[in-house]
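Should a chain be cited, it is by its letter among A, B, C, D, E and F, assigned in written order, with residues numbered from 1 in that chain.
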Amino acid sequence: MGIEQAIIDFFEHMGLVNLTIGNIIMILVGLTLVYLAIRYKMEPLLLLPIGISAVLVNLPLSHLANWPLAPQLPPEVQDNIFATLSYLNQQYGPPGIFDLIYYLLIRTEVVPLLIFFGLGAMTDFGPMIADPKTALLGAAAQIGVFVAMLAALVLGFDLTEAASIGIIGGADGPTTIYLTTKLAPHILSATAVAAYSYMSLVPLIQPPVIKALTTPEERRIRMEQLRPVSKREKIIFPIASMIIIGLLVPSAAPLIGMLMIGNLFRESGVVERLSKAAQEELMNIVTIFLGLGIGSTMRAESFLTAKTLIILGLGIVAFASATAGGVLFGKLMMKLSGGRINPMIGAAGVSAVPMSARVVQRLASEEDPGNFILMHAMGPNVAGVIGTAVVAGVFLSALG
Amino acid sequence: MGIEQAIIDFFEHMGLVNLTIGNIIMILVGLTLVYLAIRYKMEPLLLLPIGISAVLVNLPLSHLANWPLAPQLPPEVQDNIFATLSYLNQQYGPPGIFDLIYYLLIRTEVVPLLIFFGLGAMTDFGPMIADPKTALLGAAAQIGVFVAMLAALVLGFDLTEAASIGIIGGADGPTTIYLTTKLAPHILSATAVAAYSYMSLVPLIQPPVIKALTTPEERRIRMEQLRPVSKREKIIFPIASMIIIGLLVPSAAPLIGMLMIGNLFRESGVVERLSKAAQEELMNIVTIFLGLGIGSTMRAESFLTAKTLIILGLGIVAFASATAGGVLFGKLMMKLSGGRINPMIGAAGVSAVPMSARVVQRLASEEDPGNFILMHAMGPNVAGVIGTAVVAGVFLSALG
Amino acid sequence: MGIEQAIIDFFEHMGLVNLTIGNIIMILVGLTLVYLAIRYKMEPLLLLPIGISAVLVNLPLSHLANWPLAPQLPPEVQDNIFATLSYLNQQYGPPGIFDLIYYLLIRTEVVPLLIFFGLGAMTDFGPMIADPKTALLGAAAQIGVFVAMLAALVLGFDLTEAASIGIIGGADGPTTIYLTTKLAPHILSATAVAAYSYMSLVPLIQPPVIKALTTPEERRIRMEQLRPVSKREKIIFPIASMIIIGLLVPSAAPLIGMLMIGNLFRESGVVERLSKAAQEELMNIVTIFLGLGIGSTMRAESFLTAKTLIILGLGIVAFASATAGGVLFGKLMMKLSGGRINPMIGAAGVSAVPMSARVVQRLASEEDPGNFILMHAMGPNVAGVIGTAVVAGVFLSALG
Amino acid sequence: MVIGGLMEGLSITVLGVTVVFGVLGILAVTMYAIGWLERRLVEKEDGGEEPVQESPPKKGLDEKKIAVITAAIMAYLDQKRPKELPIKRKPSEAWWLSGVTSHVGEVENFNYKLGKW
Amino acid sequence: MVIGGLMEGLSITVLGVTVVFGVLGILAVTMYAIGWLERRLVEKEDGGEEPVQESPPKKGLDEKKIAVITAAIMAYLDQKRPKELPIKRKPSEAWWLSGVTSHVGEVENFNYKLGKW
Amino acid sequence: MVIGGLMEGLSITVLGVTVVFGVLGILAVTMYAIGWLERRLVEKEDGGEEPVQESPPKKGLDEKKIAVITAAIMAYLDQKRPKELPIKRKPSEAWWLSGVTSHVGEVENFNYKLGKW
């Protein structure tokens, strides 16, 4: 190889001369996410890794992600993850580190399930146990999922895509990733980014919807103090709900099961080492891989489509209608209870734990500084996590 | 799809209508383990994860564990873990998270070996280095392994099963899992549960055996103080024992090697970061996967057999006869030493570090409150870990 | 099986009777590394694990590492890591734990890239941002890489080997491992051991070279204080350099990308959890596997060759000529700046962060106790990390 | 196809809404039942006994932290070891004399760290 | 082959040296540009404003540590809870009374721990 | 087959018991030898030197902890920085003045953290 040839080769394989418009746009999108994460602290634990790895995978020929996200697979390989890996290697060369993260950790559902495990170890279901009827508000907020799904169907998405888009309204990142990966992996980056972005925008999206649906008098309703919850109840709860939900909606069992194992570790009080590991060591490592893996799916060819914009739009519809669903059901419960329930706590059925509960508290304080309903809003809030997982289970059993 | 069909489908795939008697029993067994772990703190770090994941995998159609534990494999696939994975995926569908944990982390021996690595980093071999002859008591307690193995053979188990059952008497969870996985994976759940349960029951199982075999005078024997051990000796010990055992019993090299690498990390004093990681971060994460993985093997079809009950029974035989072996050899050493060795410390040859050493101390204090033999009992105690690994190596070389 | 047969079998499979001279020498080499790591604290975090696992894999029949390091693969399997794994299992039996670590974590580049990720989270690029021209000194020191490469070519190594040997002069362990794994895996143990050993020997190798090339007057040159660097600059730097280098040298993108993602995590200030995880939990675990994996490649058949000795010799050439390259370019910059740059800081272009910078400071203090140039030397020091990754990228694009 | 998909979407919506309300409703009923049982159980266990607390009441400050700091303050003020360190239950004096306490500490620690393998 | 290899090695050397100086040179120029922009930006933002500091100046000692220790000392000396614990912003007094503060703490903690999934 | 298995089991038992006693016996002998060598070595190294201790004797309390707490107490009492913080060896005063100490700290820290890659 002469020196001229070496130089020509080098220039021909330079990223700069292979850069497409699509790459440039995606790099800018990635940088925007990084900016939002750092400047406005928008879900930085996810949007920062997502954004920066979106930048990285869009540098041409960088060989960090060599495999397509939704490849055409021959039938004998389809549904066989191990054969798929070998086939992709054959077709597209050895995996880059982001291919390994995506195919081995995210496509296999390992990462979303471990996140649910860690979330369980972080979640206190006490407020919901203290006032079980608030769990129904967590169900009501799922209406937003179906509204968005139907809207997506009307706009021409197919059923699996529509379900994945709808679930954004559940405001649970890992559930969104879990479902989209199984049903419509080609729109994973759009739904994941929508889910995490809008979660940060809850304080912007929810207040107008809540105010439009409630009167100041309703927002002023004070609720009576929650009863204390015993350790025994807190231990029995994850076990009971795992069994009940597992028996009724088996397809939700992986999500709910991991969530409740984590919660049992937390509440049992006998495995602090493991509970801490689930919340910290393991959670941090898994979060890194989740962020990098999701970001690496933001490639020009799959992200820069009209679909993505529509998905982002439908995401707002999903969040807003979920809020409306919760509030309206809250009003029904207010009526039935003779005015002892503040309807706003229904808005917290949009999980986004604990942000939507805090939004509710803020609105309550605005009307009456002495009105404390944060803990009452935490009930629907954590119930919303369960509700969304159940809905995901229904989607999986009907479409999976 | 009409709504009626959807509902019918949903009900037909509901876990509740597919629940078998076997499932129910296994769920109750799992709940019992959870109860024992929380209420009586019985080895909670393992029995809690084992119990709760046993509950979870026995919820029908939950798709957390889709693959059989001891599948019939075509010859060209057998002994090839990668081909096996692809074959299982082909036959039984994509892996659930528990299939991944079981086949990738436990069947490959990664988890038991990493646990041994962490245990090495946690273990102080000082008492055994200070009084090397006590190492022989760690050998004597292995007699229980062989007694239980022979009993299992008499009861009709085949050789590989009998060896896996016998090793329960070694009172080393990871060694039991390592050996059973290699020799008789279909009884893994039974031997693992037996090993960890009986370890918790050491304070119940050992005292009657010890008292039956010793006189109060013997239990009152005081032993002279252990000499101090230098840092240099502690550093040389893991290296020397790794090489010696590796050269004599190569099949024990993985277990002993990882144990001693961990111990060298601990004693070297120059890699505290790594030693801490081995004991904490890595250990906690691995322990979680070990517990979940073992629990996921507790399925009705493989666990609910007469064999399991017999195995649980033989486990007690193994623990009791290991204790007896240690104590009787202790009496022999007492005779030979002219009464300067308390025979009870032989009972600590049943590893269960450091519980059996504490049982011995308690019995000594009962007879003579001023009699301190805990540290002398730690010698046989840690030697028992090595002894059981050596026995596992012999089994593997003869039967593997 | 009779007892006589069992005993004969056992003895025949004893490691001791299968021990080769090669094994014995490798065990001694391993023990030497362990000794250096503990006694002289030479890079203990890597040389201790490397040394002890070299001991372990050279115990015959221990089944910790069953697969060859650079196997002859049929063409249809080559370049397909998944097919390779299955083929190796077929040919050489199930993987030992060190085979899994080597083939799954090191050969796939996961470990070196995660180390770079952690290093990024640990590195402060401030000194280089404060005085950007010092980055050129980090380029100059790479001359040592090419000198050693050309020397290796003259001595009969082929191009891929020569490049892997040359990169030792970059004094970046993970980059050396990354490149050698891709270009010449059969000499991985030699280059990795050379890289890490000589990094520890920087305080011995560099001073004579520096002194030979500079006058006391030059070593006495004081440099003006570095300007403060804003948080904003520190945040923009990793993003900008990732994009620039990714566009110019795409084959360096994985290394630089992971380094800069880690650095962005560090400097962003919004993901402390993840930054800490990258520096600690994840880093510690990955370091353990790196050390064990590299050590497991130190087998008699591949390590005990004349090549290894030559590689170790060329490593010194590489370090010394890199130092010389940096210092000479430093003298040029001194001239151009009118004597405002101390040429010694060029020696710190040999990364070995921050050891070579400290060597430079020590030499400066020797001549003038009031001369503080440590921070100025940190600029070339961290630039050297980038420079070596860029050179590795050039090698990969030309030879990979 | 859009119409067909929409019809199926409506079916799934009806099913999904029913199931999510059903499941969370059953959960709610179960929690009421558990709460009722818990109250009965507590009453039964002992009329006089206090109800099971959520978590051990953290009185004032973590005892261990106080102990460490107390010890440090005393060590600082007097430059000598305080008489009583409530940090850890000490083994009996005889053990101090035997000079192997550090062993015991490590070994016990081992136990506390990962159960008793 | 050695000669051929050596020629190719020389080509790679020329290319490599050029590229590594080129890349680090461009990086250097970029950093100068960023630094210049930064200084202009800082001047523009506010003439009177202080330049953005590298990191929040750690005045004296970590405030949290002082707070914990202060609290501990007071707890030790008086055996009663200090009036003002600057450790954490407390919820309003009403919350103390309602007896569910521990919940809030946990929940808030949850938020601080992993963002708001 | 049971009888055959039992015979083989007995063979393995004989072999296993022999091996486990043999291996642990050899280990014991090795440890005696190492201990003997160690004592000779210690005697040889220096008649007057103290025997190598197991671990550095933790005198009183962890020095670092005392230092942190001392500093905190002083900071609390005087609201000013204590004159001497024995927490960490400081770089020379000149460095304080140069204003880049924080850099050095970080960089040095880097070294202490993961060796010197």
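Throughout what follows, a residue touches a chain if its C-beta (ideal position, glycine included) is under 8 Å from a C-beta of that chain, and two chains touch if they have at least 3 such contacts.
Which chain is which protein? Per UniProt: A, B, C = Methylmalonyl-CoA decarboxylase beta chain; D, E, F = Methylmalonyl-CoA decarboxylase, delta subunit.
Owing to the predicted nature of the structure, the values given are computational and were not obtained by experimental measurement.
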{"item": "Partner chains shared by chain B and chain C (touch criterion as defined above)", "value": "A, F"}
{"item": "Distance-maximising chain from chain B - centres being C-alpha averages", "value": "E"}
{"item": "Chain located farthest away, centre of chain F as origin (C-alpha)", "value": "A"}
{"item": "Approximate Å spacing (C-alpha centroids) for the pair chain A, chain F", "value": "44"}
{"item": "Centre-to-centre distance between chain E and chain D (centres being mean Cα positions), rounded to whole Å", "value": "31"}
{"item": "Gap in Å, rounded to a whole number, between the CA centres of chain D and chain B", "value": "26"}
{"item": "Between chain C and chain A, distance of the C-alpha-averaged centres to the nearest whole Å", "value": "39"}
{"item": "Residue numbers of chain A (touch at least two other chains)", "value": "1, 6, 10, 44-45, 82, 86, 126, 228, 248-249, 273, 281, 287, 394, 398"}
{"item": "Interface hub residues of chain E, defined as touching at least two other chains", "value": "8, 10, 12, 15, 19, 54-55, 69, 73, 113-114"}
{"item": "List of chain E residues in touch with chain C within their complex", "value": "1-2, 5-6, 8-10, 12-13, 15-17, 19-32, 34-35, 38, 41-42, 51-55, 113-114"}
{"item": "Chain F-touching residues of chain C, taken from the complex the two chains share", "value": "1-3, 6-7, 10, 43-46, 115, 118-119, 122-124, 126-127, 172-174, 199-200, 202, 225-226, 228, 279, 283, 287, 351-355, 357, 370, 372, 374-375, 378"}
{"item": "Complex contacts: residues of chain C adjacent to chain E", "value": "126, 128-129, 132-133, 135-136, 138-140, 142-143, 145-146, 149-150, 153-154, 156, 158-159, 162-163, 227-234, 236-237, 240-241, 244-245, 248-249, 273, 383, 386-387, 390-391, 394-395, 398-399"}
{"item": "For the chain E and chain A complex, residues of the former touching the latter", "value": "8, 10-12, 14-15, 19, 94-95, 98-100, 103-104, 106-108, 110-111, 113-117"}
{"item": "Complex contact set, residues of chain B against chain C", "value": "79-83, 86, 108-110, 113, 235, 239, 242-243, 246-251, 253-254, 257-258, 261, 264-265, 268-271, 273-274, 276-278, 281-282, 394, 397-398"}
